[in-house]
Amino acid sequence: MSNTLTHNAYGKSNVRLTKVTRHESGRHDLLEVSVDIELQGAFEKSYTHGDNSALVATDTMKNTVYALAKQHTFNCIEHFGQLLASHFVANNKQVAQATVRLSESPFERIEVNGQSHAHSFVGGGSERRTASVVVTRDRTTISSGIDGLLILKTTASAFEKFQRDRYTTLKETRDRIFATILQMEWTYGHATACPDYNAAHAKAREASLRVFATNFSDAVQQTLYQMGDEVLKTLPEVSQVTLTMPNKHRILANLAPFDLTNDNEIFVTTDEPFGLICGTVKRGGGS
Amino acid sequence: MSNTLTHNAYGKSNVRLTKVTRHESGRHDLLEVSVDIELQGAFEKSYTHGDNSALVATDTMKNTVYALAKQHTFNCIEHFGQLLASHFVANNKQVAQATVRLSESPFERIEVNGQSHAHSFVGGGSERRTASVVVTRDRTTISSGIDGLLILKTTASAFEKFQRDRYTTLKETRDRIFATILQMEWTYGHATACPDYNAAHAKAREASLRVFATNFSDAVQQTLYQMGDEVLKTLPEVSQVTLTMPNKHRILANLAPFDLTNDNEIFVTTDEPFGLICGTVKRGGGS
Amino acid sequence: MSNTLTHNAYGKSNVRLTKVTRHESGRHDLLEVSVDIELQGAFEKSYTHGDNSALVATDTMKNTVYALAKQHTFNCIEHFGQLLASHFVANNKQVAQATVRLSESPFERIEVNGQSHAHSFVGGGSERRTASVVVTRDRTTISSGIDGLLILKTTASAFEKFQRDRYTTLKETRDRIFATILQMEWTYGHATACPDYNAAHAKAREASLRVFATNFSDAVQQTLYQMGDEVLKTLPEVSQVTLTMPNKHRILANLAPFDLTNDNEIFVTTDEPFGLICGTVKRGGGS
Amino acid sequence: MSNTLTHNAYGKSNVRLTKVTRHESGRHDLLEVSVDIELQGAFEKSYTHGDNSALVATDTMKNTVYALAKQHTFNCIEHFGQLLASHFVANNKQVAQATVRLSESPFERIEVNGQSHAHSFVGGGSERRTASVVVTRDRTTISSGIDGLLILKTTASAFEKFQRDRYTTLKETRDRIFATILQMEWTYGHATACPDYNAAHAKAREASLRVFATNFSDAVQQTLYQMGDEVLKTLPEVSQVTLTMPNKHRILANLAPFDLTNDNEIFVTTDEPFGLICGTVKRGGGS
């Protein structure tokens, strides 16, 4: 062999779990989550020599998801992710790092005659609550997030004074639709006592949506920064926030050929192409 | 030519409209809808001779969606569908029938400090509000519906005493998860005065979800029938309801190899294969 | 109960089978097919009374797919579909009609040093070979088809002399890109001796692509008709052909703002909206 | 502002181009490619102050794709990517790095009477030819790749002697189906003279498929390494290869309840969960 394996990782993806917790009152809790597990460690011989003796089978990883879900009580995916990632590091000395990514599909109880039902739910939204847990021999890093959340404001969004060159045709505007599918992930700092991840998630969601809804936007970039900044201000236990915001364009329909005006009323909804704006905001250091 | 064109139809699909209605109060209403238009009529010569003189270009259909959306005020997709379908029949004598299918993506206002925001929205659910309008020279048929609505109950669902044959391995159960993605369409009768489609939609949704949540299910088929029956009872202006309910299985995880019990707590979430149950319920005739 | 169940049907969808046939030579054949089964018959009591005694469980349908795949040798999905549909009708007197729809994902052998490999394959195309088999007490109807086949011609396509009205902006053209995703289904007549479905499929595919490639197109409608007509001319055992051809637009990019010409060189590739053209061509009757 | 923007990037994604090159012979070449552009540089003020003066509008990026496609002749996406990335760096002093990712949808000419047609094509495969070009003030890095390529071998794949723990149920096997959807990216070294990217792509594809088809697999990991190693051996101008290979399981159907044997003939095709195996192989350093 004349070439070198410089990086390797493997695992199981899209392990889908439904867990029903049955309370004595007759009320059921429902969790549906898709789990990805990835291990890094001393697995080179499987690659270079077909020697699988160090490999945890990905089928075993799948089984572990269901078995640990049964044996443990947890009230958030961050906790479940820690259980899983710690399990693989603790029980396999060849594993240097276990990463568990979780994507929860939210459900709400069906309302019947104004009361939330004990065991019947509505789901189906594109929004996901996410968590990412990385466990090594030395430390555990926990991130939480939101993915797939479509938000749209019909005004209070501008885009002006950008650079113009030979290929620029876009007009400046003080009033456009701003639609995005929010992906946001915040990472908890190490020194902090164990936070209430459910409360933190709700606060981060509320803070970012509030900024999106109420701040005037001079650019997607500006709104992205302000949303991340507000999450940091709201959650002292968070050290940084990364946001990805596609600009899902609604294009003003050209009604001039029909002698009709269009004062930002009628738009063509598009999926592609889309702008894609990214940024990471870290606590402190600003002025 | 030795063979005969026995059926033809053509149109434009996935015309996506965003309409913003700006009220004097500063409050905006938002509609996002995807529109499919299909015409039937005397178009044979385009097929058999490449003579396009009778064809309304599908590009014109697209333009018409945006132009009529601008020129008309409407508060539901059923009304907008009627405007569109009637337009094509009224203005084109070669058109025998115009079918307009609409699929609306629901949005909710973002809540900021307990108040619904004037112009900022959250969307992204898989649920769609649908409408189908068929206009001919003689009559207009209007159907409304729900599509893509994921509903799940964690108990109060059985499946017993079904037929067993050589290839049957499924165990009978009094307690299983029942998950489906509801597709339901109800058709309004002709003699009825123009209904409030928004109120009717809300009532049909509420009635079907209430039945799903609260009735014990002996079979997906039974629940389907009961949901359709309840919609007919709730909406006297509706003549029939068609429901399609995939049985999106949650399969009890086998934890026996790990010496763990599983009292309907831990399930494998699956997308396929899935059962697919259909039925149409028509007003009257029962006993 | 005051309302009537007027239609019902149920079954199992997306039963996915991989079958490997191992020849003595060491050569393997590979079939990957997704199967949908739907039964109609005397199932009303399951809907109206939760009495499941007449129901073949959809789980049993799934098992039957794998069991019959094992027990029978077949060289095409049309044959496998007949085995399945006949099984359900023959073994269940309450079943009036069984419909089996099959969608095969084509694979080709990997070429190694100019030789097709014995057991290694490349797949992944969007094209599907389809079949639909409907068995009742009285007769069997077999249709074959193609789905998901993206075909594109860069010229020899026009669209002219269509109707113009107030909302028409489309320019006439003698030279445009014509791209479609072909869906075509042909039905075999009853009196015919059992055809070679594999050869027929290859001939129908070849005939329709030949017409698409070589005939000048005055309209998508015309090309659709000519393709169906040619399939009927090529396959005497076929009684009718139904085609659905979305017009997947490639829109001439507007380069005028950059002082660049665009002689049908540079296009914007779009997925939506799209034209949707349908037609059924039946043997005989033409002049 | 008390928090710091530590990373930012933005661009335009899914800019979809169809380019037709019309040769004097009447033969047309067809390119369909989706382009993602991402810029990094001095854009902080847009994030922190809504000052957009440094921003190249993503709409301008889109226009640039179409304009440069018109003005330049190129015979591979690697070349087109260089033109685009260099354009943004050369014309915008605030841009530190431009990354262009391209994903080409392969088309083949339709065969008519044994001849490849001049302007009619079949596409639709899931395979993509990819390229990634990163241009900074100092250097240009070019990678090429394959994505979405479904390959499957029906035998000559084992998985044995892996670690077993409390949650392991997987049986060892010397004969299983090995199916994956190949994603592979190789990076060209700097000192090399400009390679023929088309020939290199064909060779990398051939080499990796040959290894997949003919080498016995003791683990997905081993096959992944051997495929990457072979690409390095085949293409001296390549410095490293990264491969991602999901293990798309075909699960042996349990036919025992039906008293049927199953000697690796009948499998359940699944999409999830799936194993996911990654590795990077770098030239040299091995023994």
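Labels A, B, C and D are assigned to the chains in the order they are written; within every chain, residues are numbered from 1.
Basically, a contact is a pair of C-beta atoms (placed from the backbone, for glycine too) under 8 Å apart; a residue touches a chain by one contact, two chains touch by 3 or more.
Bear in mind the structure is a predicted one, so any value in this text is a computation, not a measurement.
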item: Reference interface B-C: repeating pair among A-D, B-D or C-D with over half of contacts shared; value: A-D
item: Pair joined by more contacting C-beta pairs (A-C or A-D); value: A-D
item: Whole-Å gap between the CA centroids of chain A and chain B; value: 29
item: Chain A-chain C separation of Cα centroids, rounded to whole Å; value: 38
item: Euclidean distance of C-alpha centroids - chain A vs chain D, Å; value: 24
item: Sites on chain D at which at least two other chains make contact; value: 16, 63, 67, 167, 169, 257-258, 271-272
item: Chain A contact footprint on chain D (complex, rising order); value: 1-16, 36, 38, 43, 46-60, 62-64, 67, 91-92, 159-165, 167-170, 217-222, 224-225, 228-229, 232-233, 240, 242, 246-247, 271-287
item: Residues of chain B defined as touching chain A within the complex; value: 16-22, 28, 30, 32, 34, 63, 66-67, 69-71, 107, 110, 112-113, 117, 119-127, 148-156, 177, 181, 209-210, 212-214, 250, 253, 255, 257-258, 260, 262-270
item: Parts of chain A lying in touch with chain C, wherever the complex brings them together; value: 166-167, 169, 257-258, 271-272
